[in-house]
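In order of appearance the chains are A, B, C and D, and numbering begins at 1 in each one.
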Amino acid sequence: MSLLTLLELTPLLGAVLLYAVPRQNAKLIKQVAFGLSVVTLVVSGLMAYRFKTNATGMQFVESHSWISNFGIRYAVGIDGMALVLILLTTILTPIVFLAGWNEADNGRWSVRTFYVLMLVLESSMIAVFAATDVFLFYVIFEAMLIPVYLLIGGYGRGERSQAAMKFLLYSLFGGLLMLASLIGIYIISTNQIGGTFDLAKLATLQIDSGTENFLFLGFFIAFAIKAPLWPFHTWLPGAAKSATPATSVLLLGVLDKVGTYGMIRFCITLFPHATKTFTPLIIVLAIISILYGAFLAIGQRDINGLIAFTSISHFGFIVLGIFAMTSQGLSGATLYMVNHGFSTAALFIVAGWMVARRNSSQIEDFGGLQRVTPVMAWCFFIAGMSALALPGISSFVSEFLVLVGTFTRYPVAAIFGTTGIVLAALYVLITVQRSLHGPTTAGNEELKDLNLREKIAIAPVIAILILMGFFPKPILNWINPSSQQTMQAAGYSDPLPKAGK
Amino acid sequence: MTTRSDLVFLIALPLFSSALLLLLGKIANKWGHLFATVISASTFGIGLYEFFAMRSRSGDARAATQHLFEWISVGTFKVDASLLLDQLSICFVLLITGVGTLIHIYSIAYMSHDLDRRRFFAYLNLFVAAMLLLVLGDSYLNLYVGWEGVGLASYLLIGFWNQKPAYAVAAKKAFVANRVGDVGLSLAIMIAFTQFGSVTFAGVKSGAASASPAALTAIGAMLLLAAAGKSAQFPLQSWLGDAMAGPTPVSALIHAATMVTAGVYLITRSNFIFDASATARLLVVIVGAITLLFGAIVGTAKDDIKKALAASTMSQIGYMILATGLGPVGYAFAIMHLLTHGFFKASMFLGAGSVMHGMNDEVNMRRYGALGRVMPITAITFGLGYLAIIGVPPFAGFYSKDKIIETAFNAGGSKGILLGGAALLGAAITAFYMTRVFVLTFMGSKRWDDQAHPHESPSLMWIPMVLLSVGSVASGFLLSKGSALVHWLAPVVNASDSEGGVELMKPIVVSALALGVVVLGVMTAIIKYGRSVPVEAPEGSLLTRFARRDLGQDDLNHRLLVLPGQAITRTLVSTDYGFIDGIVRAVGWTLGYISTSLKKIQNGYVRSYALLMTLGAIALLATIWLVTL
Amino acid sequence: MFTSPHLNYGLLAPILIILAGALVGVGVEAFVRKTLRATVQLWVALATVLVAVVDLFIVRNQRSTTIAIDSVTFDGATVFMQGTILVLAFFALLLISDRGSFVAQASAIPGSQDEVSADLEGKSQTEVFPLTLFAISGMMLFPAATDLITLFVALEILSLPLYLMAGLSRRRRLLSQEAALKYFLLGAYSSAFFLFGGAFLYGYSGSLSLNGIAAAVAASAGNDIFLLLGIIFLMVGLLFKIGAAPFHSWTPDVYQGAPTPITGFMAACTKVAAVGAMARIFYVALSADLVQWRPIITVISIITMLLGAIAAMTTRDVKRTLAFSSIAHAGFLLIGIVALNQSGLKATLFYLVAYGFATLGAFSVVTLVRDSAGEVTDMNRWVGLGKKSPLIAGAFCLFLLSFGGIPLTSGFIAKFSIFTAAYEGGNTTIVVFGVLTSAIALFFYLRVIVLLFFTEPKSDAVSVSIPSPKVSFVLAASAIVTIVLGVYPSILLNTAQSFATFLR
Amino acid sequence: MDISNYIYLSAILFTIGAIGVIVRRNAIVVFMCVELMLNAANLAFVTFARINGNIDGQIASFFTMVVAACEVVVGLAIIVTMYRSRRSASVDDASLLKR
């Protein structure tokens, strides 16, 4: 068993272990769950330590036959891109446990169920990034919806079951389209090289262009729903408004990255020609997402809805970077996934605290928080700055890489994308102004500032945001080989400088 | 090139101090301001040390670099965190740390009653760090970090009293307007990378030689947009007036002496781009000329002393921008004016702060008057700054502004006459409105009511003012003596000794002309405001009212950007629910409707079920029949 | 000269054992004391099924097309389907034996004194066991039969007991009788079509055996009018049994009216038998004429899937919902027939097992949800069940998720294999529609889950009776199979693969 | 006489039966119509046996008769229970199960 499999299993075993804890002892359950997530973090750290930065190809590879009739294997392995996303998962999980210590208390079901679902979710998120068998990926891709569904529907706020349902239906619909493509590519492999779902082998298939386009669309729409890309986004705001902060963090911070990750790992690698065909369309969608998400964010009254729409805008950037097909765009997009994970995490966690304290998620109900709860206000402010990609904060590096990478190939798209940074300033600052500045809104005078647990929870996120703004290099070193490989697979190379040397 | 290892401390020290003061919180309340001031002073010390070290080197060795670490490296996009201290940046380092330190000292007293003084000093240090990074970065991207960093500091400081909604709005406005400029800077960097494969100053410089004119013009235009945002130039000027919401020391340091001049630095730093593109230069001078007149006109109508000074700042930076657009020799004059302006404008802002300090934060000049008697030191230091800005010899402004007017006239042909004329007209209006400010504030009759007890400010405040006014007096002469600054900067901006262009008029004629219009402006102002001034502003002429409304800049922005933006937002919000989500809901609804209709078949009558089966069988027969035929 | 026909009793034994068991059951009815009858009948039935399973297991690798002249074929598909039917029937019997689903005296008028007294006497209906065994024997014969007469006889053997059993419900007897009547009339009507179709096929080919028909089809161009009439009419009869549109309309009514254990038995086992027979007929006899019938079945499959999924969306009765779901599944199963390749057969076999167990499981949950007047099938009253009995409701959701084809349940692998087979056969259209329908179908499965888990219970909500060990066993077995086949489907897929052959 | 006329007859009988099932309300009559359809099939079998020159069809018809008899048993049982509880043999009265 490779370290990777061990890492996948750790939270899962933890979930089982939770059943050994008496259901009534909520505190112990929380402690055990948190402890387990820290253990997972340690294991993932060990894996990152053993990861060979300069080696190309997959590492920690493991492969066993699973469903031999269809050539389906339990095949896992990670490259740099998968590694950073797994690390994102394992780092965020303990943080959200700590940050949302009490959010499971008033759920539909027990506290234990909440943590079991969370750990199962963590496990499946690790596995989904590790899977190198397309079928395995698909299965986890679909199966992980269930815990999220239950987490939103069982522990959320407001119209939670509706939101959860919408989320599930959208995702499953996308998943079914992907299933159709999955079957298509399997049949093609059966005819050419013998039925397999092995990613590397499938990438060698010769597919006629009409078929390839359809297969590509099946995968792409599934990922576009997940990411979410305009116009497949309408499930997200509801889900974000209803979910608990911890769920939102894992949903938007990590789970949705499966969409963009899938675009790189599957759409581009498996269907390079179709990728070329659809690139213009996708770039237009990405631009629309960037601007649309930003405008909608400006128009939001609900703080979680705002964060959701900012994410739609940010996913637009990620998709733009991916399909720009330059090493800066791809690496930038991958880095963006990580940064957006932490940045949204910070936003959702702090917004969650604000909402919990004020018992309302309407932005207008806040106001003047900087005077009342300075530390919380600062945290929100820094999170906001990371959302608008202020230089010095990690998201700047990725956003700039995406834009510069796009510019070298599609200048007009990059220009449109760049105007997004003005809108980003608007939606962040308007919110900051309404919620943190101005006179203290009536009813907010007695709000409590962050306690020690909350400070400990948010500190690493902010530290990472700032640290990675200045030292993104280790992560870029992990990511760069993956980007190179993706570009090779797609048959692209960086445009050369037009003038000079 | 020389390699230095201590440049990083210029940035690291204030950054560390800022972070420390913010993180420690209340613990640092007692000593935070002192700590910040000491740090600021020590950066000035390092700056001086570096300056002298640089002077002791010669030729190419004067420029110094420090490589810190590899920041971003993806494909060919490689950006190092590296610092570059050359003749241009050292000017800024000294200005920033020097004026910065004085303003730190001033603020100790000015902010003494504010509960959040520690936070204020943390922000100031943050600003100093970011501004130093801006001028020390060796690449456009490093510069960008500082560029946005100062924007952040500016935002925080403008909104320092953000419990007042108007101040919070002002802060936001400043940030957003700056962001529009940042789009320009981002795009400039992207074009540069696409063209040259590098974003360092050196890389772009070497690439610019062989680049296409169109690309260079595009980069130039984008850099100009960036400069316009940061330096409050037309058409992004509207935020500066509102930015006066911040504490006055901030206005002095950030919104007069240093940050707003970053645009001038950017253009000067990018001289290799502008030198290669006449179109870009033309754009620059147009923006500069418009802004210098725009600011001057607005300045004549403002009754708020800080806003009048802000308008003046805008106008003076217009001069600098104009100068940078005038070719190699203009850069040096722009920087010279920038430095002298740093002294006299800071001095005047601090003076204004001192006045406000004594007048219970009253800013309306119509409620001042005759303050010269109760605040002699303030009046004198302000007066020296005043004389400097209007360009009376031998004060600093005379040297720097005259050079710009002269160079503008020399730009050649009708362009030269237009630009020179604009600059000259600007000088006249400047003389008028600055005289107005001075007269309204310090002379004439007392118009303040009895509740105000104007008094001279404490020494911690007036000492910096005095020091700055010394600068306002002497800096012009010192910098221009033997073309000291021009020579000093020559390696950076490629300026030669001989002033380029065709000499339209002898320098002495230009000086005389300038002095003439200044006297004209001063006289007009004294005649208009020397005697009695109504406490309530008269309605004024159409032009006055228009100038009070900042020549309609906000109205224009409101109509052109805000309203359409809000309309788009509203439309999209409703579209999102009504249309995009609506399609999804419509699909669901349709399916539900079909479902209900379908179940009508299920009516419970066995005979109709049999009928359905029979019809089904017939349909099958018919189909296969048709297919087979 | 008359030669006695050669019968291979060894391979016929599984069917014969069941028939024998049924006869013993009839004897028990006559000779065993009333109070003991229920127990004895159950043990007889279970033992019979077990013995049949064991026997089938022993002979599983033998193959013969001539075990009863050439009327019955013992090939891989026969073994697999007979085995499936037997195993499902075993669990169905346990459900059937659970207390109180059946009327004490079927002939008594509902609400009459007769009925009350029969009830008070504690009589219980035990004829249902031999009836079930008879039905099972028909079901086993149906997919194995290779000539038209045997097919028809098997069809009737499996149908007639079911007609009766549908009318045996203890509660809501009027509905139950109505279900029986409808099932009977429509069933008889459809078997008339089947028979008439058979007559035309015979007329066309001159042979009753499938191989004979296949030879004739292969020899001619196949556009003979008799052949076409034959195919269509035969198809009507088969599609009726499967429950495909537009011959589905009995399904919701009968599923709702029949006693729940019978519905479960019928839904699971009949589907296996009918699909098996249909597959054999189309694979063996008519495969050479696929140009004619494949488009038709394709269209019917699409209509059936859509109809089942869409109609279920707004249905309020749990059993009716499951009926519509079974209609949708009939559509999916037809994909396997359209595929017309070995993968298609393999997928169909797997699908039947997966579907059968999930169905049994789902209906066994229905038997548990009760109020004082018996089972409650109005979905609005199932609201909040998840809070009261999370385990039962959870199991129900599991079965629904499997119906919906969510990964890690058996239903997903089933759908995946059947889509793959169709794609392999070049039928991409049907795959696309299948995928779309799955999406629609998900809506109603999820709606139920929302009702169970995400809606606050109302005051008149029902209770879940504590499952007896028998029902628990069925429930647990179904759930385990559903999960195991979802997580590690190779166990069954490999078997299905090796058994997925029709001997000709 | 052309033997195919028997086929037509059988088709007509089948159609009459089918129409009867659809239009008649009395359960017994409906059931008799089904029997008519079965007999139409029988006629077809026998005719085809004649045409094809083998006896398979005739054998089939015997089987059909037996099966039809079984159907009668079951069917009458169901119809009678039905009648007893509703005092009506109309199939239209049995329409409680719907939608």
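Here are some notes:
Definition applied: contacts are C-beta pairs under 8 Å (C-beta built on N, C-alpha and C of every residue); 3 or more make two chains touch, one makes a residue touch a chain.
On a predicted model such as this, the values are computed, not experimentally measured, just so you know.
Contacts with subunit B and subunit D are shared by C.
If you average the CA atoms of subunit B and of subunit C, the two centres end up 79 Å from each other.
Between the Cα centres of subunit A and subunit C there is a gap of 44 Å. One finds 25 Å separating the Cα centroids of subunit C and subunit D. Once the centre of each chain is set as its mean CA position, subunit A and subunit B turn out to be 37 Å apart. The multi-chain contact residues of subunit C, meaning those touching 2 or more other chains, are 181-182, 185, 189, 193, 252-253, 315, 443.
Those residues of subunit D in touch with two or more other chains are numbered 18, 21, 30, 91, 94-99. Two chains count as a pair here when they touch; such pairs are A-B, A-C, B-C, B-D, C-D.
The touching residues of subunit D, counted against subunit C in their complex, run 7, 10, 14, 17-18, 21, 27, 30-31, 34, 37-38, 40-42, 44-45, 47-49, 51-54, 56-57, 59-60, 63-64, 67, 70-71, 74-75, 77-79, 81-82, 84-86, 91, 94-99. Note for the complex: subunit C touches subunit A at residues 346, 387, 390, 401, 406-408, 412-413, 416-417, 419-420, 423-424, 428, 431-432, 435-436, 438-439, 442-443, 446, 450, 453-455, 488-490, 493-494, 497. Across the interface of their complex, subunit B is touched by residues 230-231, 233-234, 292, 295-296, 298-300, 326-328, 331-332, 368, 370-371, 378, 385, 390-392, 396-397, 400-401, 403-405, 407-408, 411, 414-415, 418-419, 421-422, 425-426, 429-430, 432-433, 436-440, 470-473, 476, 480, 483, 494-501 of subunit A.
Here subunit D touches subunit B in the complex through residues 18, 21-23, 25, 30, 91-92, 94-99, going by the rule given at the top. Those residues of subunit A lying in contact with subunit C across their complex are 65-70, 108-109, 138-140, 142-143, 146, 150, 153-154, 160-161, 164-165, 168-169, 172-173, 176-177, 179-180, 183-184, 186-187, 190.
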